[in-house]
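Here subunit A shows up in two complexes: once beside subunit B, once beside subunit C.
Let's turn to the complex of A and B:
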């Protein structure tokens, strides 16, 4: 499982005001929440949004590695959706039969074209979201996120918690590796164990210190906050001053144009 | 000592520092479930733990931030289940503060309550987004079987979710309870000593 983290670059997407990127994110949520059917128009619309987001990945120049991690995670989900829909969808022409597969008194051994098609539509719908949502975190620095959420009147404490969560999850990887190395020095090599051995006895000696260390880091974090006067009730100033200019208006217009194109595609065919 | 309502929105620095820790603990649970290929999610351990320590508001905030964070960084599907996580945090926090983490038996009962809350809140999301399925092979097999027997989609979807949530949330609450009991007394006292001495 991979976690997307901010990648510092100087691209139009990195320079864009975070509120524009948030607008794209919310349009993506609207794209996914729309009711879908097994039609060519819905396939084209979901595919269009996925392609648009893929183009933005190219603009952001954050490399193919995070995208590869995402695809590895999603490949199983897509395979499950397509296979289950192909076998379970009621209606459509039979493409081939696996023989009679009894399942609670019904035969689910036939693969239909409509079922396969519906599986692909559902997968594309998830892909459209999966490609668009991480763009925000990958192209926006924590300071910019804080600034943008502040402009949106999100309480400073809530945006601070969100940004802190970003850094803490990065810390999990670091601590995990340090604990693994320490346990290996004690002769406890998790990498040398098979899946059953790992499940039975590998995780407790790693997870217990990890959770305790996370709480200790949380305690250090609280002391640092108190020492810097975080609880002081005055108004907090942002580290980065964000301006909403012509580039942002153009970006917002482009996002809305993409959404209109999505809607047009969705209604183009039946 | 100042008495603080469990529904108070005033967050101390301890609570603010607790939420990123909760998100990280959730992440560890999710990573282990994925590594062991368990048919469970185990992605709410931190949320329940934060709720036990900080109350329903901290639990709800932790759940919401956790799912928004996951949605943006690791698993886009998580985004829509922020509502479920908020309710898990609220339920776990409220019941923890009313004395449901005093013993192992009560903690397991709390797990059942959290499973029920989670299934009830997740069902409409599953129906709207995924036509009732959850993406979990065991739950979806039951869903298919029920739909073949013409059980209404809402009921089939609820049972699909509940059959997964039941073991998942009972284990989640039990693990969170074990961690909670194992935490240093100083840390628990910092969150609110009343709970340890018998609840409200």
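Let's turn to the complex of A and C:
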């Protein structure tokens, strides 16, 4: 899962001030928490934001591999949402019926077109958020994140925790894979186990070393920080000088324009 | 190493062992034939005792309980950890955890044993203990592949050396043949052991080119040297080893 880690490139998005990218993330948050209904407008609006984020992936030259990883992770979620909404949604034309199946007072035996449509809208809403979030992490170096959060008056400790958590995420996935390999080398045949067998007995030999190693890494991390004067009192020097210039103003304006287009689409076919 | 053990799949070609294409087998199936001791033992330790840690791999092979017990205790003894059988693995020193990882692989009795940098984090005794163990396995007819940057160790134990550089085989041969190619080795930032040029200089005195370790050089000199000279040479060898160990 190292695919969602910072990769140093020279693209407009990489060069953009992190605060502009954070603003885009906040707008995405607004897009996601907006109330939605099973309408063409909402489908178009959520789809538009997802497409806009996808275009930014291309600008940032993130590549297809991270997109493939993301889609593999989300595919099951989308399938679950669409199937469950198709069965649970009340209203719309019946596509097919399995007969009345009572589930906590609701009939889950009937699939309606509105239910399916609502499942797709919800999935697009999740996709819009999922495509926007990695953009910030992949195009912004830890030093730039620290610098930007410092400019926003976020305490250094908090921003350091944020950056550390980001780097630890990649470390956890790397360790997970290393441990899996080490146990396979001892004849632990996870590849031959089915989902039930894996859940029952496969994870103890993997999760236990992972937890122990993370405690150890955390301890080493703390020693390394203290040894390099982390607890030294006073304001810390930012590693990069971030400037808010014309490019950033244009970036903010573009993000706001996208958001206005999203609002317009949401109200287009009410 | 990862290709041989099946952790990576080759994009082209085959890897055969006893005529069978290993790329068709799962990692766990290959592990019964080829044992790999990783550099970092902490990726595999999860049990509450060292003995239980060694038993884990044997149970995966589906061996009977008495055989599991016999092999587990014998392997721990082979790496000098029999007294630590009931210790919590993460309480052991890094060097001992490394030896525990070796014991876990040894117990599975693979035909081929791969040791990745066996001298990492080992004290002087531990360093030779693992290499001596590997040599004993070779004497039993097994194949041992050691990945190492420790040229003294290579000179002492290896029968065939393959130098890899940027994913390609740069040269290969018997240790003295490889160590003679100093300019080529320079590219890989490897340096032949200090004794290698000495042995080459003594070639005219009848010292065989193969004697690129202290022990082999002493063995070559013994017939020519008198008892006093031999004693002095052994004393010097002990001093050198102590200095290396320190």
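Keep this in mind: the second predicted complex is superposed on the first by the 225 of 270 C-alpha atoms of A that agree within 3 Å, B and C clash if a C-alpha of one lies under 4 Å from a C-alpha of the other, contacts with A are read in each partner's own complex, and residues count from 1 in each chain.
In this text, a residue touches a chain if its C-beta (ideal position, glycine included) is under 8 Å from a C-beta of that chain, and two chains touch if they have at least 3 such contacts.
The structure presented is a predicted model; accordingly, all values stated were derived computationally and were not measured.
Contact with subunit C, but none with subunit B, is seen for A:182 once the two complexes are overlaid on the shared chain. Between subunit B and subunit C, the partner in contact with more residues of subunit A is B.
Of the two partner chains, subunit B is the only one that A:161 touches; subunit C does not reach it. No residue of subunit A touches both subunit B in one complex and subunit C in the other. Those residues of subunit A that touch subunit B in the complex are listed here as 1-5, 25, 29, 32-33, 73, 77, 80-81, 84, 88, 103-106, 108, 122, 126, 129-130, 133-134, 136-137, 157-158, 160-162, 164-169, 171-172, 195, 198-199, 203, 207, 210-211, 214-215, 217-219, 221-222, 225-226, 230-231.
Taken in their complex, subunit C has these residues touching subunit A: 5-7, 26-29, 31-32, 35-36, 38, 40, 42-46, 56-57, 60-61, 90, 104-105, 108.
Contact residues of subunit B toward subunit A in the complex are 11-14, 16-21, 23-25, 27-28, 30-32, 34-36, 61, 65-66, 68-69, 71-77, 79-80, 128-130, 133, 135, 137, 140, 144-145, 148-149, 179, 183, 187. Chain contact summary for the complex, subunit A toward subunit C: residues 175, 178-179, 181-192, 204-206, 208-209, 212-213, 216.
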